[in-house]
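Below are two complexes that have subunit A in common, paired first with subunit B and then with subunit C.
For the complex of A and B:
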């Protein structure tokens, strides 16, 4: 049976120009969705859809997503200061979604990376984060490959329905084509709109560069320097605590935070 | 003669069949999209266009031009007189003698066609073309014998049944080739379609010494963007494909073909003919697309019809992406076929409808859309190269004599050396110059050649909007691609920003400064210098002389390469070819540097930053490569105040 897959997309932001674009990870979520269910894929975006929508940067970006081969796309009407979680979870439940794909974090807005977790919480579904691929979906279970550093993968199984965030290790989104993008239809849907009370009181300011830890080169030989330049942090000093008591585990985390000077 | 009436009946029958064929062929062309032409004035202008424009191209091969005049001229005259004498029975010794004379002329020409066909160069198609000289000779001999009684050389009624039957058979054979074949797809089709193509050419401006090189804008917001199937071409483009005489001059000039990339302009046009008429390429008898990786298909397996998608079985997408849009084929084509237009039309479909731009294409297009430059640099860093140049920015001064269009070379450190040299020269000549700074955007050249006309048109309109805010008399740019877009392609978007503005390449402008004595130059003493004509400066814009005059003004005697001027070989950097990067056996840039080495040059002078990048990418030892502005700046005599 064809699983009901929904990809969620947001308006991205180009790191150099600051211009709206197809978000890298959401594009991958769409690509993965197309791989899983082809033309049956549903794609939704929660955002503004009013008289200014036509010709806006948002429309251009949504048409770029649509240009990957979508006939239609759902827009959940939300004002810019709304909290999209209630709207999205209402929509996902009403569509009886089984697999929900979205990027790890948005490129614009709060960019907190919390949307997938809050959605999972509100729906009560499991979440798998940083997915590189979904290998198979059978008998109400999906075999999922999680992306780990340095090209490693971890295979996990998860029961439907679930939410998956798509890592940069997933296949790149296909090229967007102008013609199909222009012809795609938007289905605007009214969903509950809840004002984001917390956020409207926020004051936004340009970020200041954060201090960076100095990189002390300890390498003595060329081979060591090469390794330092190419290899990613291996960790290695960490330890796995499985059988200890909750008290001991908490203490270990607390000690680490003090050691790393996160708390004093 | 026994069957006196037989020849004229045969002529009439073949002529009728030919007319039926002509109507059928015309309906094939008319299946294309409408393209307005003036039918009457086109037909009126046709003879002059043949004698002047077409013959001008054929004349590059003297042997062939004389042969063609004798054969073709002889045939047209003879055919006309055959109709008078043998079909309508005009009884005139004068006409008969004139017919004999034109048949002799035709026969003489046919002998030379025959001679060339005995050992034909690889660029020529074989197959049915090999029998053409024999058909020509048969025609001449048959009607010569047939006309002897009418001319009074032989008495009327000479011959017997056998001779009459033999002559009738020969009439069928020769007229079958010359008339029936003309409209039913034989080699003589080139005369019929070629003549009409001259009359109804899509770029009428090309005739009479004009130039028309800017691509036509794609219609946006339509059902299908670009050309997916043969009937999506304009009808006169289809007519143009049918005009091909398979001489293979395009093949001999094509840099992609020479590099072993899977493109052969002649085969491409023949595939378009297969598409418009339906069928396979089984009867094609010329060289096929090079196939360096051995994954191409068998000859005969390319299938098409007017309503089938071209890239689904007729032509591989890689063939279309191999083109560097250098226009060498168009320049060389005696039938004035527009290969580059057709290729870009089909690329538009691949990019705007299928989203299948190969290799780095998608990334580059995304970058252009999001940052207005192909490499995705921050738009706000566009003017960083000029931090120490003390240049006026239009936003501040609003008005300047000269607007320097910097182009995307602003982001590339090698190209910045050209930009700095040019600025230094402008300052030495006290030119009132300003740049657009961060307001400038990519000209859209790459996006357009990659088939994304939506992005090109978007950039063009925004650039024109910016330009319209400021006042200047001249735009000068060091990038021939931007030069071409500004000069020839921005005019289609209904802006008056470039009205009364002269768009110049920097070599043209610098040459004016030198000729006006505003720049004092020392004599160059750096050994032998050759000059590489950039396609978008030379063939696209006809500027061959200014760069050479500039070099001469430094006392440089240019050691010309065998392929220079309008026959210059591309560097391989145009048309987005370095981005789509279709594999071949050789690199085009390597071949170009080989050309230069044959002149013993120590230095290749170039007038284009893309050419500079491509040629400098060739491994050493090779001649040094420098832009003309860089050479000039080293010879500049600066006045000390």
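For the complex of A and C:
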């Protein structure tokens, strides 16, 4: 049985030029969705769809997603200052989705990364964040690999239906093809629209570079300042084993490795 | 009294004669601060210092710090260390909750920054109350899950501690942890919840809690006071200024870590947490090929230097330990290891938690490269080398012998763990 997979995509932002692009993580989410259900994958985007849509930067980006091998795509009509959660959760419920894939954080707007959590809360589904891969979906359960810091992976099973955010450790998205992207169909859907009222009062400005933290030396005397400036290695309180047998020494190292949990 | 300065020829005469029996008393008579005719503070250069044991005048410019730094050694310097003032709170009127990441059971620098910020907010609220004629005291509470190895919670600024140590919170248990923080929220109604916005679980738990409570958090916040918060948005290209919400997910260096006070770190009670049906089941960490992990972010590195002669054995040891391989510059220059494995100033700056240096004496360029490592283990034949001074555990001896023994022990350990499978592994985790 093929699971009903839905990928949600957003408009990305190129970090250098600031132009709209296919978002890194959403692209990976789409790629993972294609791996799971091939041509049955449903892709949705919540955003503006009006008379200015054709030829806009948004359309270009959506066609880039479509160029990864989609015949059609759903656009949930929302204005740019709307809260998309009610619309998305309404859509997901109506489609009886089993797996919903998103990027961890949007590349534009508030990029708080809260959308998947709010969707999970409103639908009452479990959420797993920072997925590197979905290994299998069987008997109403999915085996998921989570990406941890330092290249580690954690294996987790989660019951369907669930929401997953896709980490940068997931396989890279395939290249988009221009022609198929242009031929893809957009299905515009009218959905309830709720204005995001909190955000109206916010002030947005180009990011200021953050002040670098200075290395404050709180030494009171010249000697302490000198020590702080020239100190080579802190501590020196380490344990030194010299005359023990090789076996005891190895055991001491092993105990430390076990204590630090690097050997399991 | 007239303003005419009168001379006393006799005292002047005594002051000139160091052998006079009254010399000391005359000299010391007007000790303390001396002001010149213009009112400037005058220092008598002749009175600085003291006469040393062999009659030579000594000037102590170290202000009493020379002893600890110099020959007497470490024992005394630690005894001289001033005891920091204890910040005590009898009955807190409000709470600020912080859920640190506790990577490997220890506070990260990110956690400490967040705790520091929590105290800054606390002080501001207290000052506001004082301005209105009321007095109130806030406490910073650390909500910790699972194993804890941190010993200096009091120095990091933890007034109260909620430590939930239960099997259900071990490992990856976001749902159980969410239930716990939601219950703490109900019990204590804290003024703020602060989470480090990190990939170690802080961002996840914070987002879950905000979704549960239906409150909009400030994410990637970096400038916070009690009124306004500045956070990054649109993949760090814009700054959003907004009113400070109750739940904050904070970037690194959002505040200054506590360093001048001690805190109580008193335990705070929480009722038993009920964890309802769990949808996410943790199956533990997967084995990944350690050499596929980039050296810069590897957690456990076994590094080889000039002292290695049996390279076959070194590679086998790295495989058995499951460690990423590293090398010093000499080993790379001699062609035993590829260039991308080089650790140090010209190679990779590593961030490993555990760094085992085999036969590396520790050139300064190499020490720079391992500056961020937590625990360093040195295996070396020279007990006086720099690496031994840096290391938490140093083993002096032939690396070949020690590695051989180490591999034996590790293989024996693995043989013990694997046949019985997960049950034994879990058991050992609980014991730890």
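The definition used in the following text is that the second predicted complex is superposed on the first by the 210 of 264 C-alpha atoms of A that agree within 3 Å, B and C clash if a C-alpha of one lies under 4 Å from a C-alpha of the other, contacts with A are read in each partner's own complex, and residues count from 1 in each chain.
Here is the rule we use: contacts are C-beta pairs under 8 Å (C-beta built on N, C-alpha and C of every residue); 3 or more make two chains touch, one makes a residue touch a chain.
Note that this is a predicted model, so its numbers are computed, not measured.
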item	value
Touching partner for A:57 - first (subunit B), second (subunit C), both, neither	neither
Touching partner for A:263 - first (subunit B), second (subunit C), both, neither	second
First, second, both or neither for A:67, with subunit B first and subunit C second	first
Contacts of A:178 with subunit B and subunit C, given as first, second, both or neither	first
First (subunit B), second (subunit C), both or neither touched by A:146	second
Touching partner for A:16 - first (subunit B), second (subunit C), both, neither	first
Partner chain in contact with A:203 - subunit B first, subunit C second, else both or neither	second
Subunit B versus subunit C as contact partner of A:194, first or second or both or neither	neither
In the superposition, subunit B vs subunit C on subunit A residues touched	C
Residues on subunit A lying within both footprints (that of subunit B and that of subunit C)	none
Subunit A contact footprint on subunit C (complex, rising order)	61-63, 65-66, 69, 74, 104, 172, 174-175, 199-200, 203-204, 207-208, 210-212, 214, 216-217, 219-220, 222, 232-243, 253, 259, 279-286, 288, 292-294, 297-300, 321-323, 353-354, 356, 364, 367, 374-379, 383, 386, 388-398, 401-406, 408-410, 413, 417, 425, 432
Interface residues, subunit A side, partner subunit C - complex	13, 15, 18, 105-114, 117-118, 120-121, 126-130, 145-146, 148-159, 162, 198, 201-208, 210, 213, 218, 221-224, 227, 232-233, 235-242, 246-247, 249-254, 256-258, 260-264
Complex contacts: residues of subunit A adjacent to subunit B	14, 16-17, 19, 21-22, 67-69, 174-180, 182
Touch list for subunit B against partner subunit A, complex	220-221, 224-225, 351-357, 361-362, 365-366, 369-372, 376-379, 452, 454-455
